[in-house]
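Shared between the two complexes below is chain A, which has chain B as its partner in the first and chain C in the second.
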Partner chain A sequence: MADGVLFEFLHMEMVSHVFKDQQSTNGEMNNKDRAVCTSVLEGMGFRVGQGLIERFTRDSPSFKDELDIMKFICKDFWTQVFRRQVDNLRTNHQGTYVLQDNKFVLLTQLSSGKQYLDDAPKYLAYSCGVIRGALSSLGLDSVVTAEVSLMPSCKFQVVIQKL
Partner chain B sequence: MLMFCCCLLQNSELFTLTYGALVTQLCKDYENDEEVNKQLDKMGYNIGVRLIEDFLARSSVGRCQDFRETADVIAKVAFKMYLGITPSVTNWSPAGDEFSLILENNPLVDFVELPDNHSTLIYSNLLCGVLRGALEMVQMAVDVRFAQDTLRGDNVTEIRMKFIKRIEENLPAGDDQEERKMVFY
Partner chain C sequence: MADGVLFEFLHMEMVSHVFKDQQSTNGEMNNKDRAVCTSVLEGMGFRVGQGLIERFTRDSPSFKDELDIMKFICKDFWTQVFRRQVDNLRTNHQGTYVLQDNKFVLLTQLSSGKQYLDDAPKYLAYSCGVIRGALSSLGLDSVVTAEVSLMPSCKFQVVIQKL
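What follows is the complex of A and B.
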């Protein structure tokens, strides 16, 4: 049973590696490079999110609606993956949800100073993918983005795609 | 109690699944297994040099008197703390500078199968880098490699560790230390 800290260290190193790798090919990092990096991390998270749900919900009852699924994500899923519950869930009841975590586990290692706000998105891409992957395995197609205005608090925005 | 165990299990899966995704990505990015092995080792090293601080802060282990004690601490304290397993320490060299860690099961490889075209991939090579990096921070230069790997058909997973030399303590310049603290905390 791997200690949670191992995931945090691995995640930090993964982010560092993906960004360093992209930088060395192109010499310097522009917005397109940054987008490629976040996309790589997000893609990795997606597959992991799918895999996690396949293991979690083997014995769980099925969900009655979309909101039920989002509550599961905010409570059980968030607890198992990010080691606490989401602090605040808001929705417009039209498929958009905002999940606020005031002490996001992958941001707490970073300094709270303003200079790290710019870097914070790097450290959220993977988690956005994990959430998107989990929702996908639960039958929901989504777009997941995250923003930080005050470390280590962050908001994940989930927009469910209607087919 | 049961819920607590469940939580630990899930954490393990997050780490092992993430690790699997990383290896998959590296295999896409690099042309051959040798290069992937090198990257895993490098990344492990970067993790190891920081993980040691976490380890020293959380365990009450003091300075080891010799390499035998180091081996015991690695197997019985570190592996237990981070991976929940206790490998056995065996196959000591006559000079006492080399030993093996035998892992009956390797949590990193649950549900993993190596595809045919990756026969030289050392899937868990991150571990070697972690051990090397962590020990370097406590003034020990070691060589760490996989001697046996269940993923490659062996019965057990065996990590071979060899003591190379003691590293002289180099006090970092004040500025470097500050910079390091800023990045990690």
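What follows is the complex of A and C.
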């Protein structure tokens, strides 16, 4: 519990630091500045995801296919990192996966009011990176994006990049 | 366990981000640049420490004096935040306290070789801030510094600022 709070507080601070930093360099934030911040946070998440997966899969059997890896991400990995399982996993069986978490841990600290909906993407960039980093270490290149329509519910779209 | 790792990984990323950021703005790092980075990290820790103490003391009885507060920090707070108790608390009974942790959680990831000794202060700034923030919310203004002579052992010096 305490560890969880510790992580969440540090995450909030980090998001706010990265955005303030970019703002003080360039004055007003435009879309390009926001993209820079998102990319910084995503990159941090990516490296953390790589580190985490090494720990978590040390004693795991190997995976039989892509879907097997995605199921592991949705169950074991999600539980360890985001403290619950994904509520719903959908796929088109062609490399696109939609992971829905109805109560995403890093959004529950924000008010569920609509006024924070615009801010939500800031708080998801790091997590998108974590997922992409984890998949990368399991041999899957991917593009991961997130979408929020009703807080604190969140959908992550994972598109596996075929070689 | 996973939550702990999550926090430690994010902390490492954050330290490295803050330092890289300052470096890319100013080229070579000098002492002033290092002080700026330390202060950024300390500030983030301060706000997190304030947030944490609010959670942890919600159901705690009030404290009878300064020493009582320091004991709480060394036992309950330290266990929740840094996963073990402080090994040794010393005081001159005039507002100066030395908290020694022989296996400080944020240093155990670093090699214990001497080559990292110079780097250790980077990884302690955030924690100094956390302690200062916690004390501040308990009504004590302080200056908190850290000193490492043999990794992963660490001494935090807390000097309470009397009004």
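Rule of thumb we're sticking to: the second predicted complex is superposed on the first by the 161 of 163 C-alpha atoms of A that agree within 3 Å, B and C clash if a C-alpha of one lies under 4 Å from a C-alpha of the other, contacts with A are read in each partner's own complex, and residues count from 1 in each chain.
Convention: a contact is a pair of C-beta atoms (placed from the backbone, for glycine too) under 8 Å apart; a residue touches a chain by one contact, two chains touch by 3 or more.
As the structure is a computational prediction, the values presented were derived from the model and not from experiment.
When the two complexes are overlaid on their common chain A, residue A:109 makes contact with chain B while staying clear of chain C. Once chain A of one complex is fitted onto chain A of the other, the partner contacts of A:17 extend to both chain B and chain C. Of the two partner chains placed by the overlay, neither chain B nor chain C lies in contact with A:163. With both structures placed on the common chain, the touch criterion links A:52 to chain B and to chain C. In the superposition on chain A, A:80 makes contact with both chain B and chain C. Residues 2-7, 9-11, 13-14, 17, 21, 40, 44, 47-48, 51-52, 55-56, 80-81, 83 of chain A lie in contact with chain B in one complex and with chain C in the other.
Residues 1-7, 9-11, 13-14, 16-17, 21, 40, 44-45, 47-48, 51-52, 55-56, 79-81, 83, 109, 111 of chain A are the ones touching chain B in the complex. By the touch rule above, chain C contacts chain A in their complex via residues 2-7, 9-11, 13-14, 17-18, 21, 25, 40, 44, 47-48, 51-52, 55-56, 80-81, 83. Remark: chain B residues 6-22, 24-25, 29, 39, 43, 46-47, 50-51, 54, 81-84, 107, 126, 182, 184-185 touch chain A in the complex.
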